[in-house]
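For clarity, chains are labelled A, B, C, D and E in written order, and residue numbers in each chain start from 1.
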């Protein structure tokens, strides 16, 4: 029983990591309807920037510099990619973000190098046993995962406050609800784009710190985007809480499946299981867990 | 400019609905086919045939499959690589388990197997739309990748999970040189591209496009969404399956599930979008573009005598490739085929601008 | 908008024109050409780069120090495969015809590419050197005439590692009832050792479980939770690239003792252990050669290559595990050419001639010493039938800063391997309708 | 106009006690009426009266909670749009529902899909029967194009056409189905006088030349009174009047409904 | 015979005696049809763009259709000598009707399809038509309007049944019904058609064509089979037309030109005649069909050129530059090449390049790619326009003809094409110039008579067989005829100098900005003119200059436009100053009309020629103002709107003056 909870817990914590990446997707999709495939590449790029800058400067300054880089990146993307493609269909914008993703994969490695870099921002990384009183042997968790969960929680809280309490945040929500209406009350769509892309760049940086600390900063980080996709369809493309809840469900679901069902099939099922889980879920709720209901009209 | 259409009037509906109603297009096609069938095998190096023409043709075929689904029926799919894998492994199993089967029959059956799998994974499209469906098709991709890696029967219990195509022959004619492989692929692609064109200009194609453009209206004029979507999945997967079998048997020779991984699916989606959604020509243009640009980028520095490190070249290739995708989307979001259509329109009206 | 596409059209045309021009590029007539399939980008770049650097440095050393192999300069061109089979095949096709006599020998550095090229090499008559990787059954030279898994196949590797485990446990007899898990990269590479391990498990009565990790291998939580639950006595690691460091980290996260983890020789390099930091301490791995830059060949490289500014790697990376493996690989390849030159003359040789050289390769301890590889590599001798030559490795352990050997050379049990190889090769020959060579008739 | 030529026949469609609600909101409440073969039947009523819902129920897009629909003497409670189409009900939409990526010709050809039988295989060959079938249907469609006087836009993608022409193409697509019952949802909405006249002429011609039964929703009272044989008036989901244009015109309930007398 | 010019046909011309041999036993068109069905059974005879494609009928099919139609008409009671009116756009079935009528010995009477009911009534009444074959509901409606007043019209047959469902009149029949009746009759009497045809002979009346005379009521010109057949044969021999030609019939069927080109020559040569889908699609259909033989009046050539120029304005600078450069080259070389004159190699190469880049694509987009022979006639054509087409390689030639001659009087032979002549006399035609300057001719095509109008016949035909054309002209040293004007319109200014208004008007109309001009001056002190601007050309010109205007009237009255027109007029004046006889008739004062001259208002004929007298009286106040010192003039006119309602239109027009130039003889280029 303890092991079950251990797996469940591990799954949740893995899910939090997915959710971090998914959050970036959601922010951009919600505000601009763009399915940003470059999110994974942004995570890599942000992490690479940070880890290489840290060789030159203290961590806090490197972090600030990385944030600045991500904001510049957002500006460039808005100017060179989004603005010329305004009013194009979703799939075109999606493709464009794939192009962006290729570009920054190449760009990041050209500028920052393609080795494995160890990222140490002081996150603890010791396994601890918790709840020993409840289960025999307790539950083994990694402090690192707990910290990551806390960071994710903080990030979500900050984002929630940002959306609820600030003027810009309310503007963003207005855009998400209705593009036309938002424009007509005088919110320049371009600014909105820059803001959401910057925000999601910062989210990418946070995700990059967490993933980078876990895996080392290297190319494979950009592939974690694929892990965020089932989280997205499960949680809904437009919902921040959906990303978190979806992440938890997917994380727990795939780990439990891998541990309990996997061996029967020779293992390695977690990848497709996450998608299958999301898919089955969609068959029941085509708009995802927290997505807005799709209404068909004649 | 090159189009001289005066006097090419149509006296039957058959002529009017021909694939190439304009004579110059027919000539152009004939020239292209002549080059493909006669000049290239005669003139081109083996490298050009095996590393450019063969993958180009197979990619184009798979892209046609994806375009039928995505461009014509409006169902975005990221699982094409998986369906190609089904074709490849089905062909492998048929070839080694039923050795007496003709290679052509094997390819058709491989396509059929892929079609069946495609139909299964197409079922969710009834409920799920747009990007949700796109992501959902990844389930097919990952599941199929996994299945071929894990289920040993598919790989005939080879210890490594990597399988190799048996020696190939058609009617006793061994397919063992680049030229022969090229001819076989070219013939298959020619026939299937024509079949695809026929499908999209007829009843089936119109029902797909109706579903794509407005599924509710389509249903109300008597198109069954289930049948239309599943037929699109089936045909699309058939093409992908045959392409997968060709890729495995005639291009790689030996392969593992990684040969049909998600990158293959993405690459094909690129081809379709860069080439032009809803255009058979676009599939060829897109395949050429996606295949050639990296090769060109890779070889240009060498050709120019700029000794860049392979890493640098490779990173630059990523950057330029990404930038070109964005650039092309901005220049013409509807792809190279639309560019060609616009150019052709201009040529037809030349010297008038419109 | 209109302008855009015009420019684009020009760009594409220009690119195409350049490509055509590039194909006609000339090569010096008296150089031996070696295509280099490398990967310096993508998920496996951290491992691909040092190997490629070592290889390049050695070839440059030969050119700079000796003026080539017996005076025949070595020309080589790298082609980026990104560990992708299709691209690897393209690279092979692009480069195989270059040079005065075509490609001498190809080193795919990817099991997937090796599988694909195995189908092509016989037609092109180009030998494939797959040192320490490739298909295990390709050791059988009568069926796999053009594959050369020098120094050891994965079956050999698995046998060597299990031999070490048995040594530690006090003999194969002690393995009964033990639990051995294999955490492997879910690809032909990772799957290769499974048949042999299953065979050993059957023979020695230990419980064997194989646990796949999906490419690229950053997702191993579930795997290691299972390991935590099952508590196997040993975990063999068959990873590549980021998978290795992730495994070590996850092992640390579930408190699995690192000194019970033994990696194959592709899972025991610096990029695998450094990201995990202290978590890697005690981790074991097999190695085909030695670590460090203290060997005389390195001195020559520093002198003849790096001091001239022609080094491929950063100086501090010289001597790392994969760098040295690149060196050894290049050494064996050039020695094969040297051997062949003895028969065919000192001129650029074609693949078929080089194959003869490989099959007659006999690197003695003396030759190793002469070449500056003393202590770095074990002597090796090949034949028409035996394309592996020697199958020996040592186990090394990471102490947090460097590798050190914890075992002597362990040799794989050929009596165990050879029948399995023969059976697998026979099956392959049947499938592909190949008539095996009769090696007894060839000299 | 209505006096000549065509003969109004027996009941083609009968709706009995139809009630439809969406999450508690009643769109239709116990509505019954009939449509006779070959007549032009108008459904009118103020905004939100449930007219479009009624059409949606008839062609199977909405499923009523209660009531039956009898079409060609077969009573059904619940049919799907496909069944409705295959049994001979065609319709046009208030907001044009054309296939925007296709040409006028292809749009109208889609109306023939139900009548085309060749399977995928023959289609892929485009040879023999499949080709013949395609040509036959093209000929039928060309007659419709000719009838609607849209020859010059035959190969133009419908997305590029002005509104009035799009409406005409949509009518063409419905006609291509050779329906027994044609439902027109505000066929003249948003048109100028000239376009309205054209559309009226086409509607009358269709009714006249092909004997097609037509049920239409229209806001323009003048048009409705001019061209329809009988009129049903809905208000707040209920039927408040039913009869010839003259009868309806004088009906107090109708006047109240249109003047907005509160209930 | 002094002053008489002729081209002798007996000296073999360009040698297509095949047609003559083939048709040696045929003296009527129905007989030719039977011969064609025999000789060209499987070749296309008629095409019509309908239901999206070019529906095609072979000669055998046409014979079959015609047979049934003739039999059907006979079943309806048509007998030898009856007149059958044919009303509608160019449709194969209407052409067949003509031959079917001729087979029965009836006379087809084509009527201008855009005629209003009253005009139509006149023709039907004058001809005494018992039957009318109408194209569609529109024409039937017009016929029904006049039927009560003309009880002689017994039966109306309509070709297109659209909208005819509720017409219950018993005398209305569909075309199909008539053919069905014909089929029944043929079933009973299979030899009917051949028997009827055999009863016809060359001297029988073949057709009656009403000329839309510039004054008075139309006159019915009676032409015999021999008239049409012989002129058609002569002309196809001259131009070497064969059964391989493809033409587009788009000009009114009631016009003699269409009758000869689309029926006479088509039957004799056996070539195919295509009919456009509708009047609005002529240009598209022209492009699709790509005729090899084409006729257009100057107005159409001019319109096409104007659209070319306007469309080229929007092209990118490279294309415009190419167009300008190569068109200049073509102007220099093209006509010479077309006339097979020696041209330098470099020029040839340049022309070849131009052909690749500009000329051939241009011909293609206009539908002229396959043209071997094109005619212009009816009015003078601007030399620029003429040269434009010839330099592109389109073999446009001038033709001089009239209804009374079954068209051909003069034809420019290949290799001798000039913009200002109409060529030497056509085969078997004799031409002489009367002392008054009037052109007279004699030919096998000379009409039999004006129907029921002996007085007019006598006025036109002299006792010794010469026919007065009513045109003034002269022969140049090259033997080519030059037409100056209508004979009766050539007048003199008060000072006695020659005033040829038509000549002035044509010169003015050669400017793309001027659509129509009416010159006045006979008996006055100086010449003056009304100008009609071309809305498309001037509108485009204005747009490019940012001139804002609200409509035709506003644009016409714009001072900038006046300046533009004044430049044109001064250009004409400069030209006139080079010719001694005409230097006095330079235009002094002019005004730009506020409305377009319109056939519906009676200002133009149906063939769109200016009815000078009518215009002069209608705009009396303006004419007077032109010959006074007034700076402005007021005018009020009645206009007929498209729906038939009438209204009044008034305007205040400015009057402008143009510079005139002293006489300056042209120096001969050395």
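The rule is short, and it goes like this: a residue touches a chain if its C-beta (ideal position, glycine included) is under 8 Å from a C-beta of that chain, and two chains touch if they have at least 3 such contacts.
Remember, it's a predicted structure, so these values are computed and weren't measured experimentally.
For chain A, the chain whose average C-alpha position is most distant is E.
In this assembly, C is the chain whose CA centroid lies farthest from the centroid of chain D. Of all chains shown, the one whose average CA position lies nearest the global CA mean is B. Averaged C-alpha coordinates give centres for chain B and chain E that are 57 Å from one another. Centres computed as Cα averages put chain A at a distance of 32 Å from chain B.
Distance from the chain D centre to the chain E centre is 48 Å, each centre being the mean of its Cα atoms.
Spacing of chain A relative to chain E, judged by their CA centroids, is 76 angstrom.
Along chain E, residues 52 each make contact with two or more other chains. Shared interface positions of chain C, defined as residues touching 2 or more other chains, are 40-41, 45, 49, 186, 212, 214. Each of residues 109, 114, 266-268, 271, 298 in chain A touches at least two other chains. By the touch criterion stated above, chain E contacts chain D in their complex at residues 50-52, 162-163, 165-166, 277-278, 280-281.
Contacts from chain B toward chain A in the complex involve residues 76, 124, 127-132, 135-136, 138-139, 142-143, 145-146, 149-151, 216, 262, 266, 269-270, 273-274, 277, 311-312, 314-326, 329-330, 333. Note for the complex: chain C touches chain B at residues 1, 4-5, 8-9, 12, 15-16, 18-19, 21-23, 25, 38, 40-41, 45, 49, 52, 77-80, 82, 84-86, 89-90, 93-94, 96-97, 111-112, 115-116, 118-120, 123, 135-136, 186-189, 191-192, 194-195, 212, 214-215, 424, 428, 431-433.
Those residues of chain D whose C-beta lies close enough to touch chain E in the complex are 4-5, 105, 138-139, 142-143, 145-147, 151-152, 154, 205, 208-209. Here chain A touches chain B in the complex through residues 35, 80-81, 84-85, 88-92, 94-96, 98-107, 109-110, 114, 226, 229-230, 232-233, 237, 265-269, 271-272, 275-276, 278-279, 282-283, 286-288, 294, 296, 298, going by the rule given at the top.
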